[in-house]
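Both of the next two complexes hold chain A, though its partner changes from chain B to chain C.
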Partner chain A sequence: MQYATSLLPTTSNPVLRWLSNTLYRKNNLFLFLLLTPPLLWFGVVYLGSLFALLWQSFYTFDSFSMSVSNDLTLDNYRALFDATNLDIILRTLSMAITVTLACACIAFPIAYYMTRYGSRAERGFFYIAVMLPMWASYIVKTYAWTVILSQEGILYWGINHLGLSSALNHVLQLPAVGGNTLATSNLGRFMVFTYIWLPFMILPIQAALERVPTNLLQASADLGARPAQTFRKVLFPLVFPGVVAGSIFTFSLTLGDYIIPQLIGPSGLFIGTMVYTMQGSIGNMPLAAAFTVVPIVLIFIYLALAKRAGAFDAL
Partner chain B sequence: MLYKIKQSNIKMRFKSKANNDQSPTWLKTLAYGGLVFLHFPIVFILINAFVAHDGNNTYLTLKWFSAAFAREDVMSAIALSLKVASVATLLALVMGTMAAAALYRRNFFGKEAITTMLILPIALPGIITGIALLSAMNILKIDPGFWTIVVSHATFCVVMIYNNVVARFRRMPHSLVEASMDLGADGFMTFRRIILPQLATALLAGALLAFALSFDELIVTIFTAGHEITLPIWLLNQLARPRDAAITNVVAMMVMLITAIPIIAAHYLTRGTESIAGSGK
Partner chain C sequence: MVVAVEFSAVSRHYGVGDKVVKAVDDVTISVAEGEFFSMLGPSGSGKTTCLRLIAGFEQPSLGSIKIFGKEAAGTPPYEREVNTVFQDYALFPHMNVLDNVAYGLHVKGVAKPEALKRAEQALEQVALAEYGKRRPGELSGGQRQRVALARALVNQPRVLLLDEPLGALDLKLREQMQLELKTLHKKLGITFIYVTHDQGEALSMSDRVAVFNRGRIEQVDSPRNLYSLPKTSFVADFVGTSNIIGSELAQQITDSNQPFSIRPEHINIYDNQKNVMKVTGEVADIQYHGATSKVEVAVNSQLLAMVLSNTENTEAQLPKIGQKLTLCWPQSRMVML
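Let's turn to the complex of A and B:
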């Protein structure tokens, strides 16, 4: 066949031409060739590693010789339910839940204002203004907070100038919240977590709010509902899937974090810091591996609950 | 990290109607207060990078920048991070595009499983990915170093490329490809002349996001880096050295700029791509 009338210059090499025609005709072969490299990479490198990790959670750690042997055991999983380890899990879990609630409370007014009242330019501005801190380097943001919360930092300076230092001391003496200073208190850790994951909550709520027709709110007002009633009975149920969608991020990100608990807050371990010290300084890889199963299980439970709340349609 | 992926594709669905209602003052205060909360640590770092104390005087200066650039450890950390991010992005570009090209028009058994697998490295907490790769390296007796960092970064960067490219593929009418073939172009020619130009901005945007993601990734890197020091690891080590704070501030600011610029660029690159040449009816 001649292609002399073709508008485009074609590949002159007949071998290449044959190759491209074969690939176009043998659809499945082409698919196979395209998928092989990514599948090899993910199947071998990534899933292989995950299974290696899970497998090691059944190994035995000898605490006298500080070495790992290949005898299979369920002891590591049993150890998760020891009082100290259960404490770690509950501590992390309660922090994740508190941070999620706080993020929802702070995010809602921002998202609501930008969607409902912001002019077009203002909405664009809010969008960028939420995106930028979200993408800004995690370690830089954490670093900034360690400086802000330190005793020579700007927060203490402001509190002292406002004459609130005695109030702060009272707060810091509360049992579950407090600590010696802001930087070593649960309050400080909670502030940093809330700050870092807040943008992840704003955007899904904003997306859910965009989909609520304004006339539903007007109708509710016309029928005599007070603003608070409209919020409770109309707006919130409609936006709830968006809140749950955002909470997936705040919840699972807090659950798996191990840098912030190391840098800010009291000395008690989190799941992440526990995993880190177990594999690092102690070398108890089996227990570390068993501990990584905890956030995986918790996140899957949470995802199942979120799915029931319709969060996945809100993403 | 998961949401970063999501939002890289989702465009804001602005209502076309302008909002005429007046907002209550308390709501406006809360909203802008929230923005202030989101930005003041960042502004704080930016200002600190330019401030010097001298006895009782506080003044603006650029001297910390030259001090930072003169530090060998800073420069080598920056160089390593740039190198890792570039190589990881390149690998992710190839694999992400291949996966996108394979999956966008086909339906077959196991397709869902493959897309889930691509998302998994960022859906699971970073510590799990990190420790899993580390345990595999221990078993295989691989020494951590430059290439182990690259492999770990490429693993979670693939999905950034995949998401951007697959969205573009879906909006690209297949009739363009058929027309090109009808006019006598073979597969390679069609790829170069038709598909690649259509994909170009999606590839670039995905690559920018992947680069930014890799450049400031810390959680996974700690496990796979061994003795190598990337820029985020350098910053983390720096937290134990408060006397060095001035240099740390400058480097922190640079990290923020190096990640912010690609993010904004990617945002503008993917804006308004809903109507691609040839897809209008």
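Let's turn to the complex of A and C:
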């Protein structure tokens, strides 16, 4: 047994040794030390600023003096339901919903291929392909899209060469979708939103698909379910939490964005651009704060609906 | 006799060129209706692939598989009259137990009340009637096993495929489930095809056993014949334990270089009997197993194992390590390889 002592880990410093032994014995002390910094950050910086924001949304803005007073009022929330403001909210909400649906429809097949069929190399390729655009600045990508969508851009060039320009004009004349050109249409804005947020949908769906054991799908087939039934009754319910997680990203990121609506698409404010204008150029902080509460409430409603649809049953 | 499942020269290869792996290599078997048929072999021997070929999760590279006379190669799993009990049960985690069991009926368009009624009956059959509302995650391993069984049987398959279904259970539960499976098989009268690497399980439950090794079948026989008349040294070694005597040592013992095998329990300590084979070696190790002790005797450089029951007599005279010992066995117990 001559090796016995030398195999024990040794610390020359008795203080460090006392410290690690104490922390090992007193688990609660260890957890306290572990969690205090992040909880402080969360509590003070995160929730604190959110609370300050909520609080300011009850302040009064005097439109004559253009100044904010501390008198508490519900006027800002009432103002949200003015026709113009409601319009902004509905415009943003409908875009967020369509972008989320489109991202889910595009992301699912890619994620499915990655998990079920891709070889190691293919999977690596897809990971990089999905992640690489996220390395570039989001503003750069958005400006790049203004070039792509412009009338001298590659998209118009391709459409003209395929002889589809009259079809494009028909599409651009549709009321809710169109605009003068692609770059100033809702369609163009929708394309850019979908492009920018797609990775945020692919990755959670892919992670969810990876957690579904293949033999569940085989068991379903074994019990007589056709592929469509297996998808509907087994695969989709099990992946649904991942779809919801991804859609929370795409939905809330679209709701809060203020760059893309400025650069691409028709005129008309989004929630983000409205907050930006109210806070930046007008100085109506209370109304800006009330507007930022809208996405928070919408996300809560969305989560409640998702929960009722059974999104978290499989967790 | 109706043939339930018939393999004719079936092979399943993976990969291409030099790297071809023959998971199943030229296998021909036929399983009769109502038979309890086991496929036994070490891991990677091709037994599970054979089961998956019957279920339809894999398609054969060569050969034909017939299920009740109908060619099955090319048909998907959902068009086959077989059901599988998976190794890790594969219960749907997002459904409760009753919905799991009713699943097969639902997808085949059986009306919901009828499907639930039949699922409840199936759960009763496996003594889990009051567990219908629970999630699979809330059940123990043994209970999940029964749910998986009920979920397969509710579809009234003509062939039930079982892929190492008892592998994850502890010894006592495994023995109990073995008994229940056997009873169930008798009661239902359908064909069971049972994959296992546990030779005890295969021997105690099956009508016939196919022993797999490296994708090929070594022997298909009744458990009794498999044990007492192994045709190859692999079977002799894999089914139970055997002392395989190679030609060199055989020459020394029998004056013939014909290799043979002899079971440890057929070897005795020499006591002047006539008409026996005998050989002398040195005791290398003694292992205590409760009811028996295993004595390993080194002859030349080979270890021969023998088993002594631990009675009062033998325990008093257990050989000691290093002691010279002469072993003997009746000629009739030797199996020529």
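To be clear about the criterion, the second predicted complex is superposed on the first by the 242 of 315 C-alpha atoms of A that agree within 3 Å, B and C clash if a C-alpha of one lies under 4 Å from a C-alpha of the other, contacts with A are read in each partner's own complex, and residues count from 1 in each chain.
In this section, a residue touches a chain if its C-beta (ideal position, glycine included) is under 8 Å from a C-beta of that chain, and two chains touch if they have at least 3 such contacts.
Remember, predicted model here, so these are calculated numbers, not experimental data.
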item: Which of chain B and chain C A:K141 touches, first, second, both or neither; value: first
item: First (chain B), second (chain C), both or neither touched by A:Q229; value: second
item: Which superposed partner A:A221 touches (first chain B, second chain C, both, neither); value: second
item: Touching partner for A:Y127 - first (chain B), second (chain C), both, neither; value: first
item: Touching partner for A:P109 - first (chain B), second (chain C), both, neither; value: first
item: Contact breadth on chain A, by residue count: chain C or chain B; value: B
item: Those residues of chain A which chain B touches in one complex and chain C touches in the other; value: none
item: For the chain C and chain A complex, residues of the former touching the latter; value: 55-57, 76-78, 82-84, 86, 88, 90-94, 103-104, 106-108, 151-152, 155
item: Chain B-facing residues of chain A, complex; value: 3, 5-11, 16-17, 19-21, 23-24, 31, 34-35, 37-39, 41-43, 45-50, 52-53, 56, 106-107, 109-110, 112-114, 116-120, 123, 126-141, 143-148, 154, 195, 198-200, 202-204, 206-207, 210-211, 248-249, 252-253, 255-259, 263, 272, 275-276, 279, 285, 288-289, 292, 295-296, 299, 315
item: Contacting residues of chain B [partner chain A, same complex]; value: 1-4, 6-7, 10, 12-15, 18-19, 21-23, 27-28, 30-31, 34-35, 37-39, 41-42, 44-45, 48, 94-96, 98-99, 101-103, 106, 108, 114, 117-118, 120-121, 124-129, 131-136, 138-139, 151, 154-155, 158, 180-181, 183-189, 193, 212, 216, 218-219, 232, 235-236, 238-239, 245, 248, 252, 255-256, 259-260, 263-264, 267
item: List of chain A residues in touch with chain C within their complex; value: 213, 215-216, 218-226, 229, 233-234, 237-238, 313-314
